[in-house]
Every structure is written in structure tokens, then in C-alpha cells.
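One chain, subunit A, links the two complexes that follow: it is found with subunit B in the first and with subunit C in the second.
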Partner chain A sequence: MTQPFVVLGRDFWFAVAGILWIVGTVIFALEISGRTITRRGIVKVDLRWDAVDVSVTALTAALYGGALAATGGIPIIPGFTWVRPGNALAPLFGMLFGVPGALGVAIGNFIADALTGYLSIGSIGGFIGNFIIAWVPYKFMRDHSLRSPRSLIEYYIWGDIWGGVISSIWCSLYISWWLDLLEPVIGLPRALVWGWFAPWVIFNNAVVTTTLTPILGYLLYQPIKMRGLYWKDRIRFAS
Partner chain B sequence: MGEVGLYVEGRSVIHNLDPRVKLLWFVFVLAASIVCQFDGSVAVFIFLSLVVGMALAGLPLKRLLLIVGYSIVFFIVTILVWASYYQDVGRYLFTFAGVRVTDVGLLVGTGKFFLIINPIVSMLIFFSTVKPYDLVQVFSRIGLPYKAGFMLLLSLRMLSLAVSELRNIMDVQKARGIEVDSRNPFKRVANLIPVFVPLVIRIMGLAWELSITLMVRGFGYSRERSYAFPLRWGSRDTIAIILIAIFYTGIIAVKLAGFSTYYMIAGV
Partner chain C sequence: MVYDIVLTAIGVIVLLAGLAMFAMKKSGWMLAVAVGALWLLAMGIYAAYRASGFYGPVGLAAGSAGPLVTTIIGFLIFFLGVGAFLYIMRKRRG
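And then the complex of A and B:
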């Protein structure tokens, strides 16, 4: 897992992650301000942050933060590697609830950091990094039901193929770049950031999002849609 | 966990301070830790000031020990990685895990450790002593839309419900013979599916009720939000911020002047 980071070196990953960081931050700002990128360019989204959107965001944040804190840290190699099953909910909330769900994931991660006592400057990177994990499948999948071959193929392409490449690697590189850039402020050695942290985040996310998320999505899509909370039933793009 | 999220109910001197004082405290701690990051023998005083702060707030020091203890391997590795960069600089002390630790390496390693842990402890004090209601006001005062702060507040309010539902569902599934706390990590992860599914359905089932409650209370009606208990800056807040500023700028000043506790004690 650490091999690509060791072989290609810190400078390579810093440059790649820098580009992904800028793109991720721009996307986050656009989506929160009610705009989104489509094939027709940047268009407005009918997202008013009304009571329903705020409720969905708050509930997903509470669920994600609570799940991360309560089920976090199942050790694979004690003291070194552990998985957080709560991560499986991140792409799921993006797929089911759209931008409010993705923002809920970001806030939930922030809350989990606070609950476990690791809230610091680094958490800002984690905030947007987790938003991206939820945003990628929300944005690039057309069928979020996970009940058809097409939907599953789309999920594995955008959510997880190549060991969690698209969303998990983007999230990992986003946070790692932030930690590297702010090394004089955060204090994590760069060797540790790229040699341990980045591969660990990818591993951690990939394990649960490749296995748990599709099953959870399959089981939860209908109940959420029946309750009228599926984002496509509520949110419209401006023509 | 306190009443709501991380907040611990209390009437201590730290609890009674304006949240903005505690936010500025965090900024001072961060600034001082950055300046002292190459000298753990000075950075330790910032850490000790936070331990005093925790004691004054009546927060159990067990919380602090849990944070350090949970990631002890990570912290030791961090200190060693930093120490390894300075293997050939300074006076040799000992060899640990193949790393030749010198006094300079140890000072940098511990300084970086405190750079990581000090802001974390400061944030821990902030969230443990600031009421979630006041958090929203702090968000508004620093220029964020009140909806952003409100979302965080609502999330924290719902958090205790989500965690208690999670525990209830886990207990129910355990009673049904599902090993949600199996020793096999893969089995344990897989067994969370029958926990997460009812949990998400139950909690998200509240979304409409919650939004109707917000709507009938006029949520979003006005761009500005009013507060029943607005934050008030008092004289004790001014005194506290002056003391905090004196202490941390003092540390920054002596460090920038080249002072090091270690070199003073070692007589180098």
C-alpha cells in the first residue's frame, strides 16, 4: 500500500495532491453556494438550505459522527492500522441525500474528531476531504439505487475501483496535502504523512466502502426514497 | 460524553468565560506552540498551562490521558521520526528503535509532539466548556452564516440520540445472536450491516418531523437570527484575555530571544 508513495516520492504526490486540493476546494465552494458543474458549465441548483436541507444535514452529521466515534478503531494491526466502519456511510449519504448529505458527512467527521479529541487545524482538511468522498458518487453516478448492474458498475468506477481510487484517494491526498503544507503549524513529519497517513486513509476507506457501502445502499435506497428524502426527488437543477 | 456532544455541564471559572476568550486562547496556544516547535523544554509550559486550564474547568484529566494513550504508538513514532532527522546534531543521549537520539533531536521531537497535542487539548477545553447554544453565536460573530452554526448545533443535539439509538440497536442485535463485538475484525465489520440499516432508517425518519418543527418556528424567515441569551463580554473576560495574552506572548518572546529551559538546566 505504501509502495507507490515511496517509489514516486513526496514531491510527485505533493504536486498531484495540490491540484486535487484546488479542484476539491473549488467544488466544495461551488456546491455550498448552490452551484454545480455540469456538461453545460456551472449551473445553479435549487438548493435553498431550508428546514428540510438543514434537518437532513444535521441528521446525517449526527449519524456519521456518532457511527465513526462509536464503532471507530477496529484494530487490524493493533496500534498501527484500524478500520472505521462508519466510513461506509460517507459515499452512501452523498448518493442518497446529495449535497446536504455530503455536507453532513463533513460536519460528522468534524464532530467525530471533536469527540475522539483530535480536533485541530488538520481537521479542516478532513472536513472537505470527507465531503469529497460523499460528493464523487453523488455527482458521477446516474443511478444511485445500487439495484442494477449499471448502478453497481458506476459505483465501483466512481466510488471505489482500483482500491478506492477516485473518492478515497482524492480524500486521502486532499488531507495529506493539507497536512504537508501546514507541517510547520501541525507538526506531523512529511515522511509520516506520505509514508503512513495517506496509504492508511486509502486503505481504511477502501476496505469499508468497497464492501459495506453497496450492501447498505441496496438495502437503504428504497426506504429513503419512500420517505421522500432521496435528493433527486427534492432538488432541481436550474435550466 | 456530556449532555450534548462533548460539552460538560459546569460552573467553573473557565465555563463562565465568554467563548470568544476561549477561541482566542486557542489562537495564542497555537501561535506559542508554533514558535516553540523546535524546543520541547519550553513547549511543555504551554502544555502545562492547558492542564491547569483543564483542572480549573473541572474536566477529568482522564480525557487527556485517553487522547495521549490511545495514540501513544503514533506519538512515539512522530517523536522518533523528528529525532531521526537530527541524529548527527547535538549530544548523543541513547538509541531507541534504531534511532540515535541526541538532545537536539529529542528537543525537536518533543517540541513537535507538543505542537500536535497543544491545539488538540485547547480545542478539547473549548468544546467541553462552551455550550452548543453559544457555539452558534460564536459562528455568527466570526462572520459565518447562522445556518452553518445552527447545523452544527442541531447535529450535536441529535448526536446523543444517534449514539443512544446505535447502542440500543447493537444490544438488540446482540440479543438476536449477531456478534457485533466479535474479535474477528472482518466479522465485526460485516456484522455492522444489521446495525447501520435500522439506525439510518430510524434517524432519517425524523427528518420531516424535525423540518416541520423548524418551519413552524420560523426557521429561515429572517437572514439575521436573534438570541434569547446573547453573549456578553464582561470585565472578567477582559482580565482573562489579558492574562492569557501576557503568558503566551511572554513564552513567545523568551523563545524568540533564544531561551531554552533545557540549555539553561544543562548549562550549555
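And then the complex of A and C:
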């Protein structure tokens, strides 16, 4: 897992992650401001942010933050990351609840950082990085039911595939770039960021999102859709 | 220490922006208030843990009650969330 990071070196990954960081930050800003990128360009989203949407955000923040904090006493890199089975919830909340769910994931991660002694200026990277884990499957999967072969294939491509092709790698590189940039302030050595932190974040995410998330999604999709909470039943894109 | 102030200031700014949006009857105020409040809740937890000596040089201090308290709080928040989720699901059915 660490091999590609060691072989290609810090400068390569810093450049790649810098691009992903800029794209991720722009996407985050667009989505929060009620816009999104489609094949037709940037369009407005009819997301009301009413009591239901805000409740979904608060609820997903509590569930994700609580699940992460529950295992917060088992560190991988003391001070920066820990064993996180709760990560299974991140892509799930994005797929089921859309942007309100993804924002809940971001806030939940921030709360978990405070509860586990990992809160620092680096947590801003974790905030948006975790938003991306939820946003990628929400945005790129067409069928979020996890009840059809197509849906599962889409999930494993966009959500995570042996080590995380898209969302896990993006999240990891996003946070790693931020930690590298702020190394004089945060204090995590750059060799540790790219040789240990980045691959471990990918691995940590991949293990649970390849196993637990599809099962949880299979169980929860139908009841959530039946009660009108599924994002496609609530959100419209402006033409 | 200066970064604690920066992080706290971000929460305060988002919360105040939400309240200002509410006063101006702009949509999205509820989101800004919720994000600001939850952000400041995290900073409150951070301050309380720091005052309690739960933090070590990095992460939670192994010899303190921090890891146990965190596990308990984590499960508590998680199960409260599950309870609230089930309540909402039941309410929307009826």
C-alpha cells in the first residue's frame, strides 16, 4: 500500500494532491452555495435547506461523529488518525441523503476529532476530505440502491475498489496535501504524511467501505426512499 | 493556541452569518446556524477535554480517563442518533 507513495515521492504526490485539493475545495464551495457541476455545466440546485435537510445534516453528523469517536482510543498514527470502522457510514450518507448527508459527514468528522484529541488546524482538511468521501458516490453513481449488479459495480468503482480508486484516494490526498502544506505549523513530518498517513487513510477507508457499506446500503435504501428522505426525491436541478 | 482561536472564530463567524441571514429572511440560515452551532460544540468539547487533562501530547492521554470517556460518549451520541433516526422514520410513516 505504501509502495506507490514511496516510489513516486513526495513532490509527485504533492503536485497531484494539490490539483485534487483545489478541485475538491471548489466543489465543496459550489455545493454549499447551492450549485453543482453537471454535464451542462454549473447549475443551480433546488435544495431548500429546510428543517428536514438540516435535521438530516445534524443526524448524520451525530451518527458519524459518534461512530468514529467510539473507537477513538485505538490510534494508528497517534495524533492524526485511528481505527475507524465508522467510515463505512460516510459514502452511505452521501448516497442516501446527498449534500445534507455529505455535510453531516464533514461535521461528524470534526466533532470526532475533538473527542479523540485529533482536533487541530489539520481538521479543516479532514472536514472537506470527509465531505468528498460522501460526495463522490452521491454524485457519480446513477443507482444508489445497492440492490442491482449495476449499482454494486458503480459503487465499487466510485465508492471504493481495493484500496480506493476515487473517493478514498481523493480524501486521503486532500488531507495529506493540507498536512504537508501546514507541516511547519502542524508538525507531522512530510515523510510520515506521504509514507504512512496517506496510504493508511486509504486502507482504513477501503476496508470498511468495501465490506460494511454495501450491506448497510442494501438494508437502508428502501426504508429511507419509502419515507421520502432519499435525496433524488427531494432535490431538483434547475434546467 | 492561535489556531484554537482561528478554529473558534470560524464557528462564530458561520453562526453569526446564519443569524444575520435569519434577520434578513434569507434562505439557508438554518444550515449556517446548525453548522456554526455544531462547529462550536466541537470546540466546546475540545476545551472541556483540554481542561480535564484528557489530551496527551498527541491524541488522548493513555493514563487518563480520556479514552474510556470518549468511547462512552461516542457510543452515547451514536445510539442517540440511531434513536432520533428511528423516531423520524416512524414519524414520516404516519
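Following the convention adopted for this analysis, the second predicted complex is superposed on the first by the 225 of 239 C-alpha atoms of A that agree within 3 Å, B and C clash if a C-alpha of one lies under 4 Å from a C-alpha of the other, contacts with A are read in each partner's own complex, and residues count from 1 in each chain.
Simple rule for what comes next: contacts are C-beta pairs under 8 Å (C-beta built on N, C-alpha and C of every residue); 3 or more make two chains touch, one makes a residue touch a chain.
Since this is a predicted model, take the numbers as computed values, not measurements.
With the two structures aligned on subunit A, subunit B clashes with subunit C.
Look at A:Leu219: by the touch rule set out above, it reaches subunit B but stays clear of subunit C. In the superposition on chain A, contact is made by A:Leu192 with subunit B only, not with subunit C.
Contacts of A:Gly9 after superposition on the shared chain: neither subunit B nor subunit C is touched. In the superposed model, A:Arg227 lies in contact with both subunit B and subunit C. By the document's definition of touching, of the two partners only subunit B reaches A:Thr211; subunit C does not. Shared-chain residue A:Leu59: touches subunit B and subunit C both. Among subunit B and subunit C, the chain that touches a larger number of residues in subunit A is B.
Once the two complexes are laid over each other on the shared chain, residue contacts for A:Val83 go to subunit B alone; subunit C is not touched. With both structures placed on the common chain, the touch criterion links A:Gly34 to subunit C but leaves subunit B unconnected. Between subunit B and subunit C, the overlap after aligning on chain A sits in one stretch of 41-49, 185-193 or 221-229, namely 221-229. Residue overlap on subunit A between its contacts with subunit B in one complex and with subunit C in the other: 48-51, 54-55, 57-59, 61-63, 65-67, 69-71, 73, 75, 79-80, 103, 107, 110-111, 114-121, 185, 223-224, 227-229.
Of all residues in subunit A, those touching subunit C in their complex are 34, 48-51, 53-55, 57-59, 61-63, 65-73, 75, 78-80, 82, 103, 107, 110-121, 123-124, 185, 223-224, 226-229. Across the interface of their complex, subunit B is touched by residues 48-52, 54-63, 65-67, 69-71, 73-76, 79-80, 83, 85, 88-89, 103-104, 107-108, 110-111, 114-121, 184-189, 191-192, 196, 207-208, 211-212, 215-216, 219-220, 223-224, 227-229 of subunit A.
Interface residues of subunit B, counted against subunit A in their complex, comprise 1, 5-6, 30, 33-34, 37, 63, 66-67, 70, 72-74, 77-78, 81-82, 85, 112-113, 115-116, 119-120, 123-124, 127, 147, 150-152, 154-159, 161-163, 166-167, 185, 188-190, 192-193, 196-197, 199-201, 203-208, 210-212, 214-215, 219-220.
Taken in their complex, subunit C has these residues touching subunit A: 3, 6-7, 27-28, 30-31, 34-35, 38-39, 41-43, 45-46, 49, 54-61, 66-68, 70-71, 73-82, 84-85, 88-89, 92-93.
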